[in-house]
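In the two assemblies presented below, chain A is common to both, partnered first by chain B and then by chain C.
Coming up: the complex of A and B.
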């Protein structure tokens, strides 16, 4: 147990970082699940999430080992490249979650607004929040660690109230083959757990003060499970025929019972809670992307410019996705699993000098 | 650092304030539709009639010059006045348009009315029975719900009369506005169990698309109080609406269920049969009942268990009454036997109509691992030919 005040503060900083990774993982599981797994597996989308949960737990475990190893005194070219790859992956995850926010807002809160205006609001708000720094963002994630799941659970249960579990059966949905395909596509949902690889700032103390692996794994899994349960509520709310007819990503993310839609304040509160979770996750991932880029090129850029290194690629990615069509670019999301697995493998096998 | 976290929290809290700046609409620029009626028209067209808020407490003038444009775009409309303009009660206006599809008719109304058609406050969608029996209901309802973003909680009603005249006969009464009148009306009849539950627009669409259960809608008709029929037997509500021996300011009678098999209407149930259907589905909410010459109070929600056992459709009902008034003419076994006979006859009617309104399909689907195997199984045929077993247990305290 941590004994000194310094150790307690260090542990608190790691706790906030792990909470941020957990919220980001849960948001990604829900967004990818609603976007990709639901059209493929229909009412069995939630069963495709466990492999992503297992992978996120593995990433969290490996991140703890990497943080324990500490940073090399001089970065090699390979490690700089890995930092840039990690930063780019986190920025792309942030872009993906920003697109989820845009799609949900366009379908629910702002049905008559132009999509580029919504995209601008989402990107700017994420950038402004990330500008505050990683520690405040992580602290806000930590502060909402109980409120978010409690609100989602209560309001989601209210949407299900009076409705029988229409969509639970058939259990395998479209079948075992589509379910396997959904599980493979959803592996990319574990990418936000890479946030734990991001360089620890002064608030996290030295490598010797890194908490044990289960500290990270449990928090990442808790967030992932919350996202999976929210995904499960989509299938409880709708028959598989209704899921088939929903061809807009934002519409699929709406937790409302087709049996008895509940419009009004509870539904609006649920949507805002979902938006808050997505927004926190986007800001946390942007901060992580900025830190990774700063680590790679700190001699060229200062700390302020590092955030721009995360925001600019994210903004370009969001613009490209919105222009090309959010639903079409959804199907490129599974490619995020490639850098995710490469970084995981390299961090396992590289020597400390080159490792992340 | 805490100040930054506070600033961040504040920024997140301010985000919802941006939700109103992306496309607000002035209330005065919208035409809020409360009731919508769809009728067949000549040459395969449809006539869509809407009753909306006029925004004024004065009734519109009923007369006009011959050179004035008409709101309806065909001469043979259902306008109630000789001049062709719709007459309305104070505060409401009725419009109609005819086109080849519901979508085009609503678009025509939007294009010819100096207000934006807004279906977010819709309370009632009335479909003519001829259209409902033709299988076009799903397409019509989808157009109204998805494209015009109608209120998903609006009640779907089927009428054998002209749907436009049905909603014209719908008036605000008893001191409340029309929207509240309709809300209270449907809640009241739902409590009496004389109309089916799950008749909202979104649930009817979901049921029509589903292969595990079938849709039901409210069955209603207008009573002109001229050709009323005396009731035979002891069943007060064992009739269809439209000819009940009564008079009132409210001409429209909501009593019974329109049964669907997929998107096609295949039968109707009386008010009494609807109460029994609600009981079988576990949705019974009435607390008082009259059996024979005695009044009973239902002690607790009836326990109903539905299952499929060896291919047979089984329903087990357990209900407890307290005798309130009148003379008990039947014993508990006799009451139970009567309930079993009624439920068996009802299920046989549902099977004959091909309507799985009792939702046995949701029980049958549990035995299948995936959707392809379920869809390969011919559930409609199995449902129609399945034997029915009903057991009832009645306790009178």
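Coming up: the complex of A and C.
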């Protein structure tokens, strides 16, 4: 029978992990929404998010079941392949969020800097954070769980002051077809919730101490809803015509009023908060990728090598995306839904000893 | 060989030869060896001049022993002569029997006197310490408006007494541990039995005993030898020179380490919040305490971020400033011949130079030096167009924020972080500053002291009173710290 102190610490550790997954899901919903849903369905982009939210809740629910039976899984080839696929998916999610950061920084904070320089800052900072370990990064996400949404809410409300009232009820945006298409494309935004599948470590304790499913689902949904609300404020702030004219991903992520002559202090603070959220999510996903890789090949590598196994694919993916063009590679993001759904299905239907 | 002896032997002369050889007597003038007769047998007292109270030795050890008649010791077995004198003549408390030469020498060197008897292979160690020491004075680095105004001294015994006077509890336990290699430092480990986690006390004791560094003389050196993250810029123990604060550590369930010769105490395990709180926060009403903490937090943030943000805004984000302010900044900046980063770096170094000089200058000169050099250097630098006036204001505001940090060690750590953020702001603007902050915070979140995360109880979540930035009324703060064994 675990002691009360032990149980409290275990729940706290899981709470930090779930918060990190929630923040990552919210960041992905906002990034993919601004990148893909906004150009397709314009002011109705936020309505494309609920299917992604539902999928992320499903993943969180399934992750809890997977963690519960964690001890039963064996090291079969299929299981290892699934761990590697999970690690690769998380690393790709991290790469997409890193690209969102690069694009936003290039259009707002560092317009005069070279894009490779910005990419280097993004990758190195994510790697340095991930070097500290998964628990510290998740703790940091947990510590900012109220600060980030509060800042985003306050600053978003400030930006909304001069927003257009016509943006309040765009139920279909460009029409039902584009909205449906953007909803399908946004399913990939639920992929960061897979972070909850990553092996439990540190104070998370054994499978018997895994909290109930709603514990995970609520936290992931809270993060996802925050991302959706930010997307909503984005479409509220920008008029239909201004959204139509923005052709760069980073510009589309800017929650601003077009009447503003300059990026003022609140605007800059809002961008920085967005950046911090994206940065934290990238680091958390990177740690998750490293942990999954370590789980798959732990006999071969130590934790540092597994971290490198997370950082290197992400860095290569970021380099490829930057070289090929961020806006073009953005349209590959929906492909992330494929491994996401495969992992979800396999995890649901495989026998416990084979599953992750 | 006499000086190879590990334990005492029965002939007094042989034992005295061992002590003489080990202590270098008679060349070593500080060694006092006095032979006398008592109860028909020969005795000797070994002490170190200046460390022991000669009057106590004369009046309470030698004189009563000499007054015993020859017949008194006739029936006493030779092996029990020292114990006999302890029971019938000596009137010093505390006293104990020992037979190991090393321990006896260590005791003598610490100011106690050793009573040896002929025919007896053990000696009585009598606490007759009486060296000169500084009296209890006001704290220098932890001033408070309300609350007590006394600080620890260099005497370990005095410090323990100061603590015991506040914590009058039967559970208060004091353990003495020797720390170090060649020159052992006497440390005291204090904790409340049943409140502090015994595993933490065991861990600290083990680390102190395992230290083999030759000269760990101060609390700061002891801290460096037992801390977990030597590369970290953040201190991992709570420092205090105030007995009332050390008492609050004990009440919370922390283990306090005192060192002979150091007027400071260490408290562990410790979180970041312990280093940001002051005794005034609790002494005042909760509204005032909360207000002071908010001001302090803003000061810390200004200290850390202001210089870096100033440079980042000027170099990368000038659009954030209003056109009028921007024109004014550029007008004053245009006359300055050096880049703004170098300008800020020079000003920060000048600020630290003044701070260090006024700290080291003797007595009242320190304050005068700080004011004069600050005024003259600042005014002259602006007049000579070496720095812009706005930067001077930024650096001064940042410096004031640094003085808000209650822990001196933490303030130096934050200064290093400030320099890092300044460089990040100059290289990559607010974006790189933000990312550097995230990395530093992640590193902070990864640190633990004795299994307690430095950022707890915020992240990870631990049960706690509402006493972090907002200080709730004292009546509502009933639980002890989350790392205590029993929280209520």
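Note that the second predicted complex is superposed on the first by the 338 of 356 C-alpha atoms of A that agree within 3 Å, B and C clash if a C-alpha of one lies under 4 Å from a C-alpha of the other, contacts with A are read in each partner's own complex, and residues count from 1 in each chain.
Operating definition for what follows: a residue touches a chain if its C-beta (ideal position, glycine included) is under 8 Å from a C-beta of that chain, and two chains touch if they have at least 3 such contacts.
Not measured: the values here are computed from a predicted model.
In the three-chain model built by superposing on chain A, chain B clashes with chain C.
Look at A:129: by the touch rule set out above, it reaches both chain B and chain C. In the superposition on chain A, no contact is made by A:69 with either chain B or chain C. Of the two partner chains placed by superposition, A:80 touches none, neither chain B nor chain C.
More residues of chain A lie in touch with B than with the remaining chain of the pair chain B and chain C. Contact with both chain B and chain C is seen for A:140 once the two complexes are overlaid on the shared chain. Within the superposed three-chain model, A:265 lies in touch with chain C and out of touch with chain B [touch as defined at top]. Touch criterion met: A:279 reaches chain B and chain C at once. Legend: residue contacts after superposition of the two complexes on their common chain; A:110 is shown touching both chain B and chain C. When the two complexes are overlaid on their common chain A, residue A:9 makes contact with chain C while staying clear of chain B.
For the contact definition in use here, the residues of chain A common to its chain B contact set and its chain C contact set are 105, 109-110, 112-113, 118, 121, 125, 128-129, 132-133, 135-137, 139-140, 143, 263, 272, 275-276, 279-280, 283. Against chain B, the residues of chain A that register as touching in their complex are 42, 105, 109-114, 117-118, 121, 125, 128-129, 132-133, 135-137, 139-140, 143, 164, 166, 169-176, 238-242, 245, 258-261, 263, 272, 275-276, 279-280, 283. Remark: chain B residues 1, 4-5, 7-9, 11-12, 15-16, 18-19, 22-23, 25, 149, 151-153, 198, 200, 202-203, 205-206, 209-212, 362, 365-366, 368-374 touch chain A in the complex. Residue ranges of chain A in contact with chain C, taken from their complex: 8-9, 12-13, 15-16, 105, 109-110, 112-113, 118, 121-122, 125, 128-129, 132-133, 135-137, 139-140, 142-143, 203, 262-265, 268, 272, 275-276, 279-280, 283. Residues of chain C that touch chain A in their complex: 316-317, 319-320, 428-432, 434-439, 441-443, 445-446, 453, 455, 458-463.
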